[in-house]
């Protein structure tokens, strides 16, 4: 088991957490998912991110997920872990609880729930970094955190060695471009990963070092091909992959009456069930799984984008695929 | 030690958490604060609310606060406790951890961080209520939670016996009025408490059963007098108290360069230090305390509103006051 | 024809603009509406406000409305007029166009569409005031303008004689209380009118001088009774009227699939048609009128709140009523 | 004079409106600006956009601007014109007023100020289109309009022949990608232009047909080179131009204490004055021009990005340059 200390770049999907119908961690499905990602050619795995439903777990479940993920990955690629919580002390408590696992770094957001300003955000990241020798990533996610991390602040934290990089899910491509330019001008202290599945191509042009695509759970090979093409400067290939992946992303708009992860993560889980990788599409409490017509629409998109042939997969076939 | 099972109404301040300069719970200051509230005539105490800096504590600190508060209050008035966290399972974990304390109920928000819709909010409150025999209060706080609880949903949860009442800090007086009217029409299944310190008078006209004023830590007697006047229908007295308390509330606008609790809770803590009740105005990490000219401006407001004479109190005098 | 120069207080409804089925100004309905308001005991009329659908009119229509309204009111009560537009020069153009009418003042918002800061807002109001001898009111309406006018800025504009008062539709009762207190402390340079129909009682406690209730088109007598009760300090009467009016306000929630004025103003127009005062509930282009089941639900609420008996009114009967 | 009827693509800067110190249209500066754009190789000009300060003009000024611009451009490239106003009828009034000018189309936003829903937005665009034979563009600008136009609605309006294209300034690159994909799948009824100066490269990968960059007033040649490189598939060139233009864009962050167009358009005007193209950097009332240290910082950026040598340009030199 080896933990890389080199900076993590490339495709690092935020790992979904497969559940049994009873809501427990579904280890066989997790093994299939990890195998699916490694075969797809991902460069790392981000456990306990928003797509991993981290917000919904208590501390024991977080530990169980890290145990299961690091055991399954077994050092084949680096694993970084979310230590997301409302404020500094709880985040540090998560860091301490995770130190016993084979992890290549931690991912933390700005404080949330209680409103904080730039001074507190600065203190927050510095205190977390001081609590561990592992690299710290800043997760810019205003849709959940309701604060946009300022490019100038991120760059200063990078220059000071507090953070190793940024996972940008801000949806603000203008700010990302400006951050990427300023980072380059400062000697690239930060690694920049984009979390927006359907515009990773533009992020590469801006200067992204890789992506953290939730949709990468469903089609890791597509994101890996796009990354290699971007590294090679083959932008027509980048764009073609991105166009296909944008089409695949339409699965998240199929559920009706659902918002947030119940729709998005729910669609990913449903797709993975239809692909025979997950046994269920069960969601963390208080969310309910996607049912009804939306499942058929998700299958249709999987077929249109070449991930599923008409005869393949479907509910209940996971065991067979697992046995293959 | 007796726990009331009658529904909690009247003045129920969200208790501040006094800290030593090192950041530990300051028990002598806590005792003085509780004494100050009881002498002021409050009807209950809300521990571990936003004003109590709950977002900043790890689990051990939450337990220590409840231990200290229930021990100090010792059944003289009911204590309710915040069980605030991102999603259902962690909230229930907080409920279980708090069951050993002498508490008259719990206060929970809608899920936050991960976006949820009405269906999940409903499941969330029902799951929490199912985990305890104690009354559950819904805390409507969009400034932190980024979801406004809909009056119709709150009323249904009340009618179904899921929640005992609402602590409204939504800042939406229109919705509060409509909720109060609908609640009355349904036989008043809900108790309604307002969390907006400077417009409690209007909330009483709308039908509030009491208040949860953060500023009530500083001037509990003022809120208690306003409540009694409202019960007696002496609205001129209600308005006069509210006008004076609104003037006192100006202390939260004195800090410069601070937002959220660093400004608001920070101003309350600073005022209590100047009143000789707290030993410090230390804030939970990553916040820093209010310093400089703002302290003088806060003192001036305390003098203008009759809480402090020119000669009284001030930094470093807490021990002397405590000895009085 | 006489124009009062005394500051306007009391009940000043934002006048609806009745339309024929073809979309023209419906003069007979307008006469009935003005008669309804004057009989109800209003203290003034606010023409060309948001409830008057001002945003939807071209310049000619604005002039036609002012012509019709001032002609119909004929000096019986003061009329103030909205001069609402994106930026300063257009607002001043509206002021100049309105100078020939018998008006007691103008109502302007902060600049909108193009984002402006405090400096521009200040320049804006001062430039408008410099363009007329008539009193200027600041209209605080963040739901449309997307800027909240700061209490300190309003007070300074009042102290400098730039504005005569504020029509507060901000929905921020905390800020309104603080403004009212600061205004009193400064010798009351501003008159303060609340635009939130269902919490005018709380606004009176805070220090409001009156109200600008859209719902006052439907039930002017209710608002007039509430105002007189507030002046007399009869708060139980204030609250009873407000509770009934809050119940009446539920008409705006009856339309389905409509937002903004299509729902709110649409409900007021529909209610007035059912009351026999309007001939149609036609809305300005591009809005469509309320139809279907919502009309029945609106009628039911009119009956529950005592404005309509089961046998009365209804579509098509306006002519009959007008002839009465 | 010839008006193209072919769909407009490529670089179409939103033309600034140069003003004299007294606030009048500065015709000599306008001529220099138009010359600067045509020499730079732009494909069209967008008059009366947000960058043209349209929100601040009264009707006469709008007409004067169109007169001046179409006269100066004299058919050398197509000119499209903003007809931006709050609601449908005023927009149509602007269309009628503009029909006498040599224009290749109109640009309209969704209704604003009064909140409207999808039904009203649909009616709005159809009514405008029905009022003219010229092509209509939808302008998606939530920062001013506070409504995001839904990709599905835009596509339907395109398929129905109501709109010819979209000027996207939504800042939502995810939605833009999905719109571009859906548009292609539908046979490309819409032309798509991006209004975000610093991420036009990503927009080209997504499928943009061109750009509407405010910054293109300052450096039209840069945007023209980027467009030609994108058409040729030379993405390294695209990215290099975009990186330089992103660096140039930093001029908008130099003013202190200004927001919105006072900062952004103000920085463009100041840069053009320093380049000797504008005689002043005067802004429309109620905005004030950029002064003080920010001017020096803007000059420094112009030098760093190769638009200005140390010895060149500067306030007061416009006449000299004009004479060159």
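Read from first to last, the chains carry the letters A, B, C and D; within each, the first residue is number 1.
In this section, contacts are C-beta pairs under 8 Å (C-beta built on N, C-alpha and C of every residue); 3 or more make two chains touch, one makes a residue touch a chain.
Remember, it's a predicted structure, so these values are computed and weren't measured experimentally.
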item: Intersection of contact partners for subunit C and subunit D; value: none
item: Chain whose average C-alpha position is farthest from subunit B's own; value: D
item: Rounded Å distance between subunit A and subunit C, as computed from the means of their C-alpha atoms; value: 50
item: Mean-CA-position distance for subunit C and subunit B (Å); value: 37
item: Topology of the chain contact graph, where touching chains are joined (line, ring, star, complete, other); value: ring
item: Contact pairs between chains, per stated definition; value: A-B, A-D, B-C, C-D
item: Subunit B-touching residues of subunit C, taken from the complex the two chains share; value: 171-174, 177-178, 181, 196, 198-199, 201-203, 205-206, 233, 235-236, 238-239, 242-243, 246-247, 249-250
item: Footprint of subunit C on subunit D - complex, ascending; value: 50, 53, 55-59, 61, 84-90, 93, 111-117, 119-121, 123-124, 127, 143-146, 257-262, 284-288
